[in-house]
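Common to both upcoming complexes is subunit A, partnered first by subunit B, then by subunit C.
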Partner chain A sequence: MEHTSLLERFLRGAALTLVVIFFMFPIVWIFMMSFQTNETILRIPPQLVFEPTLANYTALITGKLTTAAGTLDIAFMRNLWNSVFLSVTSVAVALLLGVPAAYAFARHKFRGSEDIAFTLLSFRFAPALLVLLPLTLYFQKLGLANTYIGLIWVYQLICLPLILWIVRGYFEDIPADIEYAYRIAGHSWFATFRKIALPLAGPGIAAAGLLAFIFAWNNFVFALVLASADKQPVTVGALAFITSSGIQYGQISAAIVLSITPTLALALYAQRYLVEGLSLGAVKG
Partner chain B sequence: MQRNRPSGFRISKRVLPYVLSLPALLVCIGILIPFLTSVVYSFQRYRLSQPWARQFNWGENYLNFFTDPKFWNTLQISLLYAGITVVLELLLGLAIAMLLQKRSTLNNFISIMLLMPLMTAPALAALMWKLMTNPGFGVLSYLASLIGLQDFRWASSPSTALFTVVLVDIWVYTPFIMILLLAGLRSLPTQPFEAAALDGVPRSFVFFRITLPMLTPYILTATLFRLLDSIQQFDIIYAMTQGGPGDTLTVFQVEAYLNFFQSTNVGRSAALMIILWAITYFLSNIFIKNWLRLRERARGQA
Partner chain C sequence: MSASALTISGVDKFYGPIDRGVHAVQNLTMEIGKGEIVALLGSSGCGKTSTLRMIAGFEEVSRGTISVAGRQVHRLAPVKRNVAMAFEGYSLYPPLTVRENMAFALKAARLPKSEVDAKVASIAKLLEIDDILERYPSSISGGQQQRASLGRALIREADLHLLDEPMGQLEPQLRAVLRGRIKHFIKERGLTAILVTHDQTEANALADRIAVMEGGVLQQFDTSDRIKQRPANLFTGTFVGEPPMNVFEAYVGTTAGKINLRLPDGLSLDYNKDAFSAPVRDELLNRERVVIGVRPYAVRRSKDGVPATVSANQWLGDQTHIAADFAGGSLVLVEHDRTRLELGAPINVSIDPKNLHVFDQVSGKAISHGMELA
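Right, the complex of A and B next:
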């Protein structure tokens, strides 16, 4: 294995370079576009050297877009706020519901426990619209249409299975003897859960929460179907933005950059746990 | 609140697990209700535009599919899309994982960098590629014209639309397969490889007879995972072309969405989703078996 020929090392290097270019180029290019004015963007051939401008970002943040035709309101910051709010509260709710359930599934094998766990897992793989389309009609009757509560509830479809199955694995990794010893010392069940199980599974719970946040943030179809403009997160908002702003490509790029930065940053932070999260706990990184 | 008082309210040991999992159970039920509603809708003649004409027509929605060329187009394009993306992503992901197998600072750095497309929302990834393939100023359109493809129209031409969305899918999801297979490769025991190297076994033999068989559980799990998601692809296709041009890319979920919101044909839309659900249910049963085996193994190592 040590004696790789010079040719092979060259070929491996070249292949890796191509891979990195293919996967990085779009992100780099959109990032560059977000600092250009429409004039430089529209120039052919595309420019690699240009005078960077922050105008796109200021237009998005102030919500006012000044064009030759007049000023235009942009609601993009509202979308960004919706994304933050929906993702954070959905994950909080999912942790609140999912962690105790995960503990029950890991520690107490009770009748029907596996059935519930696997039904929840199967939601991860069922077509989203199968549930969403009837829900639009139900939500209209229940008054949940276009409300944060309705959206957060539906977001549990992504967050809950993820948290349940990852956290369950972490609880299973804790030797039960530690908990028995603490219980024999006279502590209640709840104290054992709070003082022993939760801290030991802590890093896993945090990782599961971060991953659930990323998936909630990246979701598109739930809000597309169930939310109208003022409740939409960035994924849907950016699509609407393209049609409404027409040809403001610089602002669109800046909006995309602002929308993908949080998940990319979190992913880099949590990358140690990503493999485990992406495989729902089946592969350890 | 009463936990500190020993004489306070105590939950009996037998009931406790049910109490803990009750909220999750309720969410389960809350989601099963719309699912069952979908089943009912799929057996009805139900158009939002003609609510008065709503009635059970039993299997008619399904029977109509047999003679409906649009349905066969949907089935064909969904399977084609899933097949192409999964095969290409598997080959590419395996190749990249093999390139990065050795633990080194550079390899670890590249593998983390390659996660970025996977963490980009697929709908936003589609928008990024849409900007880059814009006929007016898109950099990829420019590059295509440099290699002699004048007027290459990417997603707006029926002949290249599938190619374009597949390209975006590959960009987003190849890292998924790569990262799982890389974790698999790095967890393999080293002895068989050392023994093979000592005996001077050719490397193609090592790859096909040692690496691949040992990696199979990981490959199966990653492939089925992708297949399940890919056959239901919505985000990339809808954000890129909304199923167009024409009906070139009306995969199951896009077609059901358009049926529901544009032609307001709830019955047909629900029947389409039930058929897609049947396909994914079948696939997910195979998947869960493999996934559980892999999970047991990971837990055993811990």
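Right, the complex of A and C next:
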């Protein structure tokens, strides 16, 4: 018996190791690349031992990219700030609009409510490329092209349906009688929403917000088309490292490390919350 | 009866569009006096909970009006109706302790802390939950949650207390004790309570009057005794009373100065014409077919009765329930002695016309109860 269990344990360990290596390898490799120069990166065969340099990070932070062809200005820190600003504001706006909407959809069945909710969800089905051209034309007419407001608006296509549909499920899981009990004890429906529904759906709202943040942060194509350099997030900004004198692998790696750090930290910090929030109902027996 | 605590008049409830949706409550009219305890009794889906929720304000009233303590409330938000409610699913607030849950509405009404504490303590003692006041709803049993929920409703001084299946989860011994205490508590404070239940023992024990509902229609609204003695129709007759009333279809005939109630299988209950009062006799003779009903404890075994065959015999500790095959159906008798009858044993039964309920064969409406017309 012990023999099998030992073997089992060994196999399980091996399988887990394989999975971890498979998923972590790119990140580890990029992390290593970010401390190397282009020459050491492009050595064949690649080597694990190298002399680490902080040049890539210095270049990103100071905004001066030195290449073989001369010095280039890059707006990486600006892009990073744009990413933070766009994602945070978009999620905030989506929460502000989506949570009350989700509550309305969960609690009040009105004519066409399902259709409206489904229409909002269908925004996620449509490939971004399908709406980009008309959006660009409209945005230019409206003066929204290349503005934060315009981008945050478009980001609602990503964040709003996500928050609406996840949070709605949470509100539906809260027994309506709990809210009724609160209302009959002398509170308005708005107080009930704030004091009962919101706290009980809290984990779900947090999880939905976190997911929306990650989706917004990772968005590429909307920002690529609708914003110019000074409004672009890191996902688009990274293109600047493909210069006329070659691809700056070192800087790209450093940029990736810097740009995934916030989301990775957030996801790790909220990991338990996220899993709980997405897998459990808000209220259990 | 003093001033009206609740007046429901002509209330309809449709789920879905009016006149086309599901007609859950149909043209309900009832009046409840201040200080009364009323039970809404019926099987699931009979409209009793819908009625309660319309009074509380959680379901819209499709038609008709509801007044609480003289104020029309059916268009007001629940918060403005001044009613308290205990929910069937308890609905305690998970982040609050039992004490906080119970004190909640009082705090919202800005009562001084000492008064709140005293009230919580006395109600908790009454409901035997004083040892779990600091626990959270998720860590106590269903029965305890139910009592906390009941306490949360009873603690309030509202015009009306609505109790939706308030004791369904309690163990029988505790339920019996609490019934008495709760009734005493409500009466002592002059509260008005409406209780929704499917348990007739509970309705009998707690309520002054019982409203029997079925299919969204109020069947009868009267005291427990009168509902048993004078059921308004076949439904209340068979629904209220344990074990249920025996009912048989019968043809009315006369032979040689006797009234015969002819049952299936060629059986006949024969009575002298003067065994009935004149009005009842006239009603009977006016009809061809009726439904007759008799309570199990009113069926007697007697030598000159109608034959039946014993199919079950059960001693319950204080009474014997005997079931017998009779007239193509089953007849239940209750006897207070311990009777031992072999299965399949032939017996003869007789029914005193004083205990006979007669119903219209088509509408089910009561025609007569014993010697009196309905």
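By definition in this document, the second predicted complex is superposed on the first by the 240 of 285 C-alpha atoms of A that agree within 3 Å, B and C clash if a C-alpha of one lies under 4 Å from a C-alpha of the other, contacts with A are read in each partner's own complex, and residues count from 1 in each chain.
Methods note: a contact is a pair of C-beta atoms (placed from the backbone, for glycine too) under 8 Å apart; a residue touches a chain by one contact, two chains touch by 3 or more.
Treat the numbers as computed from the prediction; the structure is a model and nothing was measured.
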Clash or fit (per the criteria above) of subunit B with subunit C on subunit A: fit
Larger contact residue set on subunit A - subunit B or subunit C: B
Vertex subunit A angle, Cα centres of subunit C and subunit B, expressed to the nearest 10 degrees: 80
Touching partner for A:F23 - first (subunit B), second (subunit C), both, neither: first
First, second, both or neither for A:T261, with subunit B first and subunit C second: neither
Touching partner for A:I116 - first (subunit B), second (subunit C), both, neither: first
Subunit B versus subunit C as contact partner of A:A185, first or second or both or neither: second
Partner chain in contact with A:D177 - subunit B first, subunit C second, else both or neither: second
Shortest CA-CA distance between subunit B and subunit C [superposed frame, angstrom]: 8
On subunit A, positions contacted by subunit B and by subunit C: 188-189, 283-285
Subunit A partner contacts - residues on subunit C that touch it in the complex: 56-58, 77-79, 81, 83-85, 87-89, 91-95, 104-105, 108-109, 138, 149, 152, 156
Residues of subunit A touching subunit B in the complex: 1, 12, 15-16, 19-20, 22-24, 26-27, 29-30, 33, 41-46, 96-98, 100-101, 103-105, 107-108, 110, 113, 116, 118-123, 125-135, 137-138, 153, 156-157, 160, 164, 169, 172-173, 188-191, 214, 217-221, 224-225, 234-236, 238-239, 242, 249, 252-253, 256, 259-260, 263-264, 266-268, 271, 274-275, 278-285
Residues on subunit B engaged by subunit A in the complex (per definition of touch): 3, 11, 13, 16-18, 20-21, 23-25, 27-28, 30-35, 37-38, 41, 95-96, 99-100, 110, 112-125, 127-132, 134, 136-137, 139, 142, 171, 174-176, 179-180, 183-184, 187, 193, 197, 218, 221-222, 225, 228-229, 232, 234-235, 238-239, 252-253, 256-257, 260, 266, 269-270, 273-274, 276-277, 280-281, 283-284, 287-288, 291-292, 294-295, 298-299, 301-302
Of subunit A, residues touching subunit C in the complex: 175-178, 180-189, 196, 199-200, 283-285
